[in-house]
Amino acid sequence: MPDVDDLGFARVDTGRLKRRGLSEVVFCPGKTPDQVLAIFRSLRDAGQNAFATRAAPELYAALRAELPELVYHAAARAMTLDTVPLPAPSGLVAVVCAGTSDLPVAEEAALAAERLGAHVERVTDVGLAGLHRLMPFVDRLRAARAVVVVAGMEGALPSVVAGLIDRPVIAVPTSIGYGTSMNGVAALLAMLNTCVPGITVVNIDNGFGAGVAAAMINRTGKD
Amino acid sequence: MPDVDDLGFARVDTGRLKRRGLSEVVFCPGKTPDQVLAIFRSLRDAGQNAFATRAAPELYAALRAELPELVYHAAARAMTLDTVPLPAPSGLVAVVCAGTSDLPVAEEAALAAERLGAHVERVTDVGLAGLHRLMPFVDRLRAARAVVVVAGMEGALPSVVAGLIDRPVIAVPTSIGYGTSMNGVAALLAMLNTCVPGITVVNIDNGFGAGVAAAMINRTGKD
Amino acid sequence: MPDVDDLGFARVDTGRLKRRGLSEVVFCPGKTPDQVLAIFRSLRDAGQNAFATRAAPELYAALRAELPELVYHAAARAMTLDTVPLPAPSGLVAVVCAGTSDLPVAEEAALAAERLGAHVERVTDVGLAGLHRLMPFVDRLRAARAVVVVAGMEGALPSVVAGLIDRPVIAVPTSIGYGTSMNGVAALLAMLNTCVPGITVVNIDNGFGAGVAAAMINRTGKD
Amino acid sequence: MPDVDDLGFARVDTGRLKRRGLSEVVFCPGKTPDQVLAIFRSLRDAGQNAFATRAAPELYAALRAELPELVYHAAARAMTLDTVPLPAPSGLVAVVCAGTSDLPVAEEAALAAERLGAHVERVTDVGLAGLHRLMPFVDRLRAARAVVVVAGMEGALPSVVAGLIDRPVIAVPTSIGYGTSMNGVAALLAMLNTCVPGITVVNIDNGFGAGVAAAMINRTGKD
Amino acid sequence: MPDVDDLGFARVDTGRLKRRGLSEVVFCPGKTPDQVLAIFRSLRDAGQNAFATRAAPELYAALRAELPELVYHAAARAMTLDTVPLPAPSGLVAVVCAGTSDLPVAEEAALAAERLGAHVERVTDVGLAGLHRLMPFVDRLRAARAVVVVAGMEGALPSVVAGLIDRPVIAVPTSIGYGTSMNGVAALLAMLNTCVPGITVVNIDNGFGAGVAAAMINRTGKD
Amino acid sequence: MPDVDDLGFARVDTGRLKRRGLSEVVFCPGKTPDQVLAIFRSLRDAGQNAFATRAAPELYAALRAELPELVYHAAARAMTLDTVPLPAPSGLVAVVCAGTSDLPVAEEAALAAERLGAHVERVTDVGLAGLHRLMPFVDRLRAARAVVVVAGMEGALPSVVAGLIDRPVIAVPTSIGYGTSMNGVAALLAMLNTCVPGITVVNIDNGFGAGVAAAMINRTGKD
Amino acid sequence: MPDVDDLGFARVDTGRLKRRGLSEVVFCPGKTPDQVLAIFRSLRDAGQNAFATRAAPELYAALRAELPELVYHAAARAMTLDTVPLPAPSGLVAVVCAGTSDLPVAEEAALAAERLGAHVERVTDVGLAGLHRLMPFVDRLRAARAVVVVAGMEGALPSVVAGLIDRPVIAVPTSIGYGTSMNGVAALLAMLNTCVPGITVVNIDNGFGAGVAAAMINRTGKD
Amino acid sequence: MPDVDDLGFARVDTGRLKRRGLSEVVFCPGKTPDQVLAIFRSLRDAGQNAFATRAAPELYAALRAELPELVYHAAARAMTLDTVPLPAPSGLVAVVCAGTSDLPVAEEAALAAERLGAHVERVTDVGLAGLHRLMPFVDRLRAARAVVVVAGMEGALPSVVAGLIDRPVIAVPTSIGYGTSMNGVAALLAMLNTCVPGITVVNIDNGFGAGVAAAMINRTGKD
């Protein structure tokens, strides 16, 4: 079968890079270190860069002897193995974050967008309790091709940001909160029910997906 | 039994005014016109003013011949029958409303607060999609003893308002929205999960309860 | 207050067009014909085009005498009033639809994107039960700057489409289905939990929001 | 930017005290000891008192060497660092608690209200299974400017208390219970659906928010 | 097949009276008048009394010509056809009701218990907003063999009643309420999470089931 | 495009019969009479029999003039148009039904299975309240190649049936019930959580899907 | 205050035994060993027997040195301290259990009923997958004054048992199961939606409450 | 009692093999090693093969000394003890798996089907992100008597597979995912709401039940 590397427990989709502009990505939970190792090697042998999300430090520790060129991105809980150069950055993506506890999700989004060719500007801790912290950054956000906004708890920051700019906003709910936050469901619902048209949403804590979407929009900007 | 008027189908709690500073209120759904009529007469005979919430125009039409002094408040979907003078207004309560569709709930809150002795200032249609509409009213909100904020959809306006002032904010979610709004549950969750401490919340569409709470706070201001 | 037209029951945000590249839009449910009329006139007087979503035929019938230039878009359940010319179309947005019952939502998305300056290509009834119907359109989808995919029931079509192309995909769940569809929640969950990174999602039946997001991405393509 | 201290991972909102009468508060879960330390120092350097909620004993142990003046409030799971004198107490807030297991949430509310200038009276273990335990305290509750009522399980105590007094009641559901308690959702729903108007509600286990709201009401009493 | 009358669309379980002390009961929604008629005739022919719940007045109107001895119980929305004398009443069941709107459910319970041989005492409109209305009835409740307590909204009355007596309490949540009442789910959850041991619960609005359970307990009292 | 008939609003998948042994089926809700008419004609012109589910009598009345050979199956709420002879029946499928109100769903399953080539045996009204009614049919159920069991309310009949036989059981929850039945969710959950291995489940009220699955199993029996 | 022992963190309701025929019971989760110890001593000093539910073995180990007469009931996860003789047993309660994993909940019910004066008969592992195991016990169940039925997973055993007897059935859902069992919610819903009238239900895993209710019914049998 | 082995804590249903073609199976969670040991011995003494699901490696380690012939199937988390020869395999069941993390559930299904007499073909890692990986296996799937499809996240693979073949498809949702996956509920809902008739579904992670259902269908193929 072309464009597939059959490892038995997995069929690595080596055609994905050409088809989607994005290689297969490893979601680590539920996979053994040996499985992650084999998939990374398969991608490397196919001449593609590899990316793993939700990689625990213990997983990195278990693999770095086997893959010395492996890099661990602690703030994003991600692991990468690069075989070919990353694309030269072009165009701007902004990643805005409501609170300090949302940082790992925001950083996952930023890393994903950077590796797919975007310049990334990070704006941190500008939540609703003190909106004056956001205002100095509005002009910079208006210069971006796409804006990712990450928030937990009541999840209202994307609506505020989108109300001020004319750019596509991708909202990422996080599981930060307690009680009726229901691990991020409250934030997700707020984002889906925004009164500001043009906001789109991804799964709870899915910084990676938001970063990919922003990068795809950013690439569209080159057409 | 003192402080009770036994109508058979209902035991009107005539002691409530003295105990709570607020007479028994009639929630109309599920009650027949005859039942509402009897309760209003019972309160009138006890020398108390009467208030009914969620009163359909048809109910008012059915009762006004029997109770000529009955007043219908269409914007608030409420009905009142006054036997003694209302308290002279003192102190300020503000009622802020995110969108035009939220007006009936906001008006129910305003009417309740006014009848319990507050001056009420209404601020309408200042939702998140255009926050500059809210800013001119901030000083006025800071002058109120309590601020009621009514919003549907993502329900984030109470957080924004509370972040700007030092007054107690009572948030009222409305059932305005569609899809994952789930008839106001999304707005309710956003309000409960606010990152701004000091906000308290009532049931979906419960403008009456919010108005009562604001009026009780306003009365505390006289102590 | 600049950029605001205070109608009493509403504060029309006339600055939104400049700030967001998109005038204020009227969500009709819960508004009286008089309210919709006044908001449309306010936008017209500000020299802006007007758009109303979820407009029942009865609402259009009630308003067309007052606003002869009003246009009703039955397939999209929308109403428009144009004062200035629409932008010349540029760039391609595709709107893909899983089944016949999903058409009104898809048409709302297409109309919104067209009015905001995109060429729109519609691809109808290509759901999972017969995926060979989708394949002839893949090249055309790869030519779009953004692809909107509308689906009810199990909501899996966006994943299939996104797996075949390198463009941003905006998924719109619809309320088509029964039983555990829960009025579109099943489709929404499928879209949020996609295994294909880069898909973003809007609220159930929110064709308008998806069309706006696609048009914003399309405009980014001009930078 | 005035009124902001940019720490990189956080933008401490030093203007909040003036704007809201309440400094920024640290919600500890998801923050590293170093992050909490830096925020406390930032507030101290701004001449403000600091408060952290949900602070584990281990966190306090990690920080007390760095911040010798740090105080740990074990019963409330809170941590404080005072730089300026607390306000002199004035006015009464009551904190009523249904059962022994609800005590940590009640104590968090009491501590917050005390630090914001209220005298606090605590009434413990007066749940519905033996309501005669509540009765001796009714006169004292009627003397308070605001009453916080904390309850888990069926969450009905706020309705009983509010039915007996004419003061604003803030209800706090706790996560105490099992099975269909759903970690406090049952208690929350009971409180939102009270038949006693004037009760407002905060998030599950949010003693802090209830204490702040009560203190804001108490301050209103001084106007 | 013994103990069964096969009507084609139904197999009437004529053995149920002997096995359970209770004939088969007709739940009317979803059944045609002809189907209800045939089942009532089948029970009559078997020499058993018949009972139908949730019978609309229109259904009764359609059947009374065919079954002249049919009786309609409007307050309980029930329909009965008696072929043999009812059992002589013995022992006491109390049915307590929180509010006027809960009366149809309470009356269904009372009717069921009466027909199964209990004396029934009704206590109406003694909800939490004025608990002093309940107190005069406590001695009478202590004399009952079982107490049914019917309540909507926050559903807390069963806990208060059970805390005062030593008799089995059967709680019936009703769908009275709005917003987060979720058609009675809030009341149900409160009843299931009671802090007063010994309360048992039936489905929302299931007055009939509660009446049957109370009557079965009452019959046990004769052993 | 082969195997597709493009009607503009729909792409009829005429290849489905060959691929799946089952022509495309029309789910009527949300489709106009003209749309259903066009799809039926497309299938007829392709030489295939047509089947529509959830067809209201009004829809049939609107179409029978245009399609004189159209047949309405009132008990199953279905509509069929046959162009070629149905397959000769072979093998047995049993359809078991808990109560009279569940009959429409059961009949939809029976009709679907019959049209796909099975003999169907119907067993009606054998619910848990009188299990002795089921016992005489056990031998007949053991003779079937597949058994469909339809039940609402607590949804337990499939477990009882499956515990007695060695045949595949397909469980169909119905929306019959009230309160916490949640329109069939309670029955669905019971069926998914059965302690009897070998039961599989379809969506609430999905008699058609169950009938198709049973017929596919029945055809397997011919191999 | 009479009938109350104020321990500071708790107000032990020593009047409960007289009022309810049942002393205050300790729910151990969330209480410290010192708190449990103090409450047990308070009850002992009041001349009452004490009972604690959900008592971990570690808690017993911590307390037995202080309270040598303390008894640990491992199968029921309960702890008792008897100061006066238990009532002489009279009347029969049956406790039926669907599967081996449900035993701890069933044993908690049995222990509670025994201590409140009932003879208890235990019937174990008679779930729906093999109903013939239940049949030999039907006569014995018919001799009981109340029957407790404990089941997890699909929770259908109470319906089957109640369909065979004329005694009050108290159903206890357990959290045994996985996936859509949702920790016992599926079983609870099945029990609430039973088609067999007369079944009442308690909270998930609440064996204690079921045992108390059964014992109260059993005591009624003595009247 | 015939066909039952009473162990006190369990009544082993030794008649199940004859009645259902499948011996009693042990679900390990919540059972002690001694209980599992006793049930395995009971089945062995009855001359039947034994199967335990969700068996932790520690449980196997605890039992293998007592039962030397015990076999542990690590990939399926299962444990077996064979006393008589397994049936000779006949007929084909396919088990298709969307991703690597779904393998344990798929393997449990495969093992169950094999032990009940089917040849099993495994197809792994053919999820929607790269559907070309599935296509080479379509002919093989068409040769199976039943096809089990295992998927987590958006759970759409069963719809795609069923759309291509004419065989019964049993869908198994897994708990793989995060956020709104809600431990497999999203996948379950997608499978229940499939637009492809003929798919049936089992509980989340219930590979065993799917394997049994597939084997029962496969045996039907022999009739």
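In this document, chain identifiers A, B, C, D, E, F, G and H correspond to the written order of the chains, with residue numbering beginning at 1 in each.
Everything that follows uses one rule, which is that contacts are C-beta pairs under 8 Å (C-beta built on N, C-alpha and C of every residue); 3 or more make two chains touch, one makes a residue touch a chain.
These numbers were taken from a predicted model, which means no experiment stands behind them.
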| item | value |
| --- | --- |
| Co-neighbours of chain F and chain C - touch as defined | H |
| Interchain contact steps from chain C to chain E (minimum; 1 if touching) | 2 |
| Other chains in touch with both chain A and chain E | B, D |
| Most distant chain from chain H, judged by the mean position of its C-alpha atoms | B |
| Equivalent interface positions on chain B and chain D, same or different at half | same |
| Rounded Å distance, chain F centre to chain H centre (Cα mean) | 26 |
| Gap in Å, rounded to a whole number, between the CA centres of chain F and chain E | 36 |
| Distance between the centres, which are taken as Cα means, of chain H and chain B, whole angstrom | 57 |
| Of all residues in chain C, the ones touching two or more other chains | 99, 129-130, 163, 179-181, 185, 188, 192-193, 203 |
| Complete list of chain pairs which touch one another | A-B, A-C, A-D, A-H, B-C, B-D, B-E, C-F, C-H, D-E, D-G, E-F, E-G, F-G, F-H, G-H |
| Complex interface listing, chain A residues touching chain C | 19-22, 25, 91, 145-146, 162-168, 170, 188, 192-193, 197-203, 208-210, 212-213, 216-221, 223 |
| Footprint of chain G on chain D - complex, ascending | 100-101, 103, 124-126, 129-130, 132-133, 136, 176, 178-181 |
| Residues on chain C engaged by chain H in the complex (per definition of touch) | 98-99, 127-131, 153-156, 159-160, 163, 177, 179-182, 185-187, 189-196 |
| Touching residues (chain side chain B, partner chain E) in the complex | 1, 3-4, 8-11, 13, 15-16, 24, 27, 29-31, 35, 54, 173, 175, 183-185, 188, 203-206 |
